[in-house]
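This structure is in C-alpha cells; I'll ask about it shortly.
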Amino acid sequence: MERAYRLIISCPDRVGIVAAVSDFIAVHGGWITEAHHYTDPDSQWFFMRYVVRASSLPFGLEGLKSHFTPVAERFRMQWCVYDTGINKRVVLLASKQAHCLSDLLYRWRSGEMAFDIPCVISNHDELRSYVEWHGLDYRHFPVEAADKSIHFAAVEQALAEARPDVIVLARYMQILPEQICAQYPARIINIHHSFLPSFVGARPYHQAADRGVKLIGATCHYVTTELDAGPIIEQDVVRVGHHNTVEDMIRLGKDVEKQVLARGLRFHLEDRVLVHGNKTIVFG
Amino acid sequence: MERAYRLIISCPDRVGIVAAVSDFIAVHGGWITEAHHYTDPDSQWFFMRYVVRASSLPFGLEGLKSHFTPVAERFRMQWCVYDTGINKRVVLLASKQAHCLSDLLYRWRSGEMAFDIPCVISNHDELRSYVEWHGLDYRHFPVEAADKSIHFAAVEQALAEARPDVIVLARYMQILPEQICAQYPARIINIHHSFLPSFVGARPYHQAADRGVKLIGATCHYVTTELDAGPIIEQDVVRVGHHNTVEDMIRLGKDVEKQVLARGLRFHLEDRVLVHGNKTIVFG
Amino acid sequence: MERAYRLIISCPDRVGIVAAVSDFIAVHGGWITEAHHYTDPDSQWFFMRYVVRASSLPFGLEGLKSHFTPVAERFRMQWCVYDTGINKRVVLLASKQAHCLSDLLYRWRSGEMAFDIPCVISNHDELRSYVEWHGLDYRHFPVEAADKSIHFAAVEQALAEARPDVIVLARYMQILPEQICAQYPARIINIHHSFLPSFVGARPYHQAADRGVKLIGATCHYVTTELDAGPIIEQDVVRVGHHNTVEDMIRLGKDVEKQVLARGLRFHLEDRVLVHGNKTIVFG
Amino acid sequence: MERAYRLIISCPDRVGIVAAVSDFIAVHGGWITEAHHYTDPDSQWFFMRYVVRASSLPFGLEGLKSHFTPVAERFRMQWCVYDTGINKRVVLLASKQAHCLSDLLYRWRSGEMAFDIPCVISNHDELRSYVEWHGLDYRHFPVEAADKSIHFAAVEQALAEARPDVIVLARYMQILPEQICAQYPARIINIHHSFLPSFVGARPYHQAADRGVKLIGATCHYVTTELDAGPIIEQDVVRVGHHNTVEDMIRLGKDVEKQVLARGLRFHLEDRVLVHGNKTIVFG
C-alpha cells in the first residue's frame, strides 16, 4: 500500500468546509484516494476523513500540519493527521483464553494488519510460550483477589512504559480501574461477548441461554468508566437454537468475538472511527 | 403437499420413548416423513414431532388419537395430533401500519402459507379497503384513550366469536390486557421491533439510535402477561450505521419485522414450536 | 424529506475535481447533506454524488445546471442533476407471480419509496384486480408462443407512451428483445432468482438443488443484451439445507428476490448507482 | 463431553426402520442424546444419525457392532458406529498461506475440536517453525514445476503412513492427482475460495472482482476427481462493494474460508455429514 496521510476532522458544520479542505489539498497537488464526510443531523457536527498520497504533496507530515493549521483554525476544527508509514503501537491484554489473542497475532505476523506490539500483558502465565514464539515481550502480572491494586499498578506502569496508541482488551476478563480508563479516552478497545445492550456484565452466554434468544453476538466498543456502556464500534451475531447448550454458545460466540474485535481494531488502526458523544462514526 | 398427521409430544425423558412411538407408527404401517426429537439437558424433558402420511395409516384423526392414547399414558405425555388438511384459524390484529399485515395477506392469498382468517381486527379504519379487497371481514374497534376497556371488551368478544387457533399482533400497537392474554396461552404471537431483550417497551428504534448500535432487529414471541418477555420464537437483525437516521432504522426494521413474523407464524402453523418454560423448542 | 438536488458526476480523475465542485457549491451557499466520491484504481475514472439542499441555493434546477456547466466542461464530466421533488416514472412488468410486484406496490402506496407508476404491464391477466385496486393502469399483452413479436411490439409501444425513467422486470419471465434493451441502457432493472454468476438461465432453483449448494440467492442487475450478464446492483442469499426441497427453495428465494429487488430499485431511484463498464458503483 | 457412540445409517426407505433401530437401543437400555433422520424424496433413500451414551449400554464398541448387525442386515443398511472416545486422525496439507492452518491449529490446541494430527504436509517450508512449536511433525515435500510426480509420490506415501481418517486441504494450492483422490473417497476436505459453482478454478477473487459481484464466499467440499465439483459440505459469504480491491476481497475472503473450513471439518469429525450422490446430508 502506498504511503499516505490520513486527515481526520470534526467541527461545527457550515457552508464551505469541504471546499476549503479540498481546495487546500488541490492547491498543493494532493491526490485524494479516499474521502468520507458526514454531518450529524441532531448536533450539526461535521466529520471528515481524507486519505492523500504522501508522494503527491510537496511537504512531509510536519509540513502538512503547519500548512493546514490556518484552514483548521478558520473552522475551529478538532483534527489530526496520521502517516500510514508509522505503525500504531498496540498493547494487548489477555487472560487465559487465547481465541482473540491468537487471531490478532495471526493477523499481525501475516502482515494482514500493520501495527507494532510493545508487549502483551496478562494476569496469567498460560500464553507466555505462544506469545514469546512470536518474539514478543510477555508481561505476567498475577491478580490477587484480595487486593487487585498491585496488579493494576503494574499494568498502569507497563502501559506508561509501552506508550500505546491503543490498548486492546482481548478477553482480559478484568475490569480496568477508572484511573487507567481516564488516561486513554477512545484508545482502549474491548470485546464484550454479547450483543450489547443485551446481557451487560458477567456470564452473558448464560444470560442468553436463560432468555432463549435465537441469535447471540459480540460487541467491540471503546472503554469508558461505565461498564459495557462505551461507544460501540462494531457488532455481529450468529444464529443459535434450542439444541445449543451454553458451551455451544461460548464456542460459537468465540468466532464472532474474534471477528468483531479484529474488524473494530482494523477500523481504529485505519483511523476510520470518530467518536461523537457516546456513539461512533465509522467511515467503512 | 400430501395430507399428513403431525404428532407433537412432550414428557419426562426415559429410555424407550422413541422406540414406543416409532413402533406404534410402524405396526400400523405409518410412513414417517419428518422426525425431530430433543431432550432438554437441564430439565430432562423430552420433546418430539413426527409427521406421518395420513394415507399410510388405517385410521383417521380420531382413530389415531384413540389408538395412541395407551402409548401416551404409559409415558405420561402431553400430546396433540394435528391434521394438515385442517387449516388453523388465524385472527390478525393491526393498527395503521400495514407492512406486516400486507406481507401476511400476500402469503395467505398466494397460498404460500395455508391458514384461514376469520377476521382482521383494528383500532383504526385505514386498512379496511385493502383487507376487504381480499374478501375478508374487517372489524374496526376504536380506542378511547380515556377508557380502553370498551375497545378491549369488543376485541375479546370478537376473538371469542372467531374461535382462533392463533392470534397475531401484526404491529397492533396496543398492550393486550392480562385477561385476554391468559385465555390464549402460547397462542398469541407478537412481533416486537427490537432485538429483545434489548430495548424493551416503546420506541425501540429511538432507543437503538441513542445507544449507537450497529445492528437492529426484530423478535417474534408468544405474548405472556409480562411485557415483551414471553418465549422467543424467532429473531433477526439488519446492519445499520452512523449515517442511518431513526427514520431509516424504522424503514429497515420493517423489512426485518415482516420476515421474522412470517417465519415465526409459519413455524407455529406447522406445529414446529414447543414451549418449555419461557423458552421455545423450534423443530426447523 | 427536504427537497434537494443530486449531482452525479463521472470523469477522468485528476487533481482538483472535488475542490472545484465543492467550491462551486460553497460559493453559492449550497448546503451539502450527502457526499460520496470514488476513483476506480484500474481505469482512474472518478465518480461523485453530492446531495445539496434545494433551499440553500439561489437558483432552481435549470439555474443550477447552467451555472455548473463551465465546471463540468473544464473536467470533461459526464453529469446529471436530479431534483428529489420530481418522482421518477417506473413501469413495472410482471407475469403471474406476485411476490415482487406486491412488495413494490406496498412500498409505493405506503410512501416508503417515492416514484410514479405510469402503468403495469403483464403477459397475463391474473394480477389485474390487485393492481387496479391501487388505481393503477394495468396493460395485459398476451404472449403467443409461436410468435412473441406481437407481444413485444405492444410492450415497446406501451413503454414509449409511458416515458419511463426506469423499467422494472418484477419476475416478468420473458426475455426482452435486444431492440427494447438497447433503448433503455442502465434503465431496465431485472431480478434474477439466483446468486449470479451461478445458475444463469432457466430454473435456477432446480440447478441449485441439483448442485447441493448450502446458500441460494438473488441478483438485481441492469439488463443488457447478454442474458443475466449485466451490471450487478445488489445481491443477497439465504441458507438452505438437504431437507429443503426445490419448492422450499422457491419459497425461500422469493423472500430474497423481493428484498434484493426493492433495495436495488431504491438505490437506483436515489441516484446511488453509477455504471462503469459492466460493474456498478453503489454509493450506499 | 460424555463418551458416546454415533450410529450412522443409510438404506432404502421403508416402514419400520426407526422402530427397529430405536427398539434395539431401548431394549439394551441405551440413552439417545441426539437423533436425526431424513429420507431423500427423489431416491427414497433413508439416512439416520443416533448418538447414544456409551455408559448406558451393556457392551462396548465391538459388542454394539455385533449385536446391531442383524438389524442392519434386515434393512440392508450401510452403517458405521463411531466411538467419541477415539479421536479421528487428520492430516493437514498447506502451502505458504497460514490463515486456515493457523485457525485449525488454534482449535486443536485449545481443545475446541478434538482430533489427532499425525503430520502436517506442505510444498513449502515457511510454516515449519509455527507447526513445530505445536509439537507436530512437519513434512516438507517441494514441488518441481517440471515434474510434480515426485512431490505427489512423497505425499501419497506420507499419507499412507499417517493412516488418516480425513485429509484437509487447508489452502494447499495443488490439485491432488486422481490416484490419491480415489483412495480417500469422502475423506478429503477442501476449502475453495469462492461461492461455488461460481468462479471454479484459479484466481476466483479476481474473477469475482471482474464480474462485480456484491458478495464473495467460500465453499468447503469433499474432493472428487472432478475439479471443484465434489459434494458441498458448507458455504458462506461476505458482503463486498465497488470500493473493495481484489486485495480486500482476498483478505475478507480469508476470514470466510477459515470459518467455513472449520465448520465443515467439525461436521465431518462429528459424523454429521452423509454423502448421497454428489450432495451431502448435514445433520447440524
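Note that the chains are named A, B, C and D in the order they appear, and that numbering of residues resets to 1 at the start of each chain.
In this section, contacts are C-beta pairs under 8 Å (C-beta built on N, C-alpha and C of every residue); 3 or more make two chains touch, one makes a residue touch a chain.
Chain-to-protein mapping (UniProt): A, B, C, D = Formyltetrahydrofolate deformylase.
Predicted, not measured: the structure shown is a model, and the values here were computed from it.
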Exercise. What is the touch distance from chain B to chain D, in steps?
Worked result: 1
For this session: Have a look at A-B versus A-C and report the one with more C-beta pairs in contact.
Result: A-B
Exercise. Can you name the chain that lies farthest from chain D, using the mean of each chain's Cα atoms as its centre?
Worked result: C
Exercise. How many angstrom between the C-alpha centroids of chain C and chain A?
Worked result: 37
Seminar exercise, completed: Note: chain B sits from chain A at a C-alpha centroid distance in Å of 41
Problem set entry | In chain A, residues with contacts to at least two other chains | none
Exercise. What part of chain A is in contact with chain C in the complex they form?
Worked result: 15-16, 18-20, 22-23, 25-27, 29-33, 35, 37, 39, 56
Problem set entry | In the complex, chain B residues that touch chain C | 98-99, 102-103, 106, 110, 112, 129-130, 133, 251, 254-255, 259, 262
Exercise. For the complex, which residues does chain C have touching chain D?
Worked result: 38, 40-41, 195-199, 211-215, 217, 231-237, 241-243, 245, 276, 278-282, 284
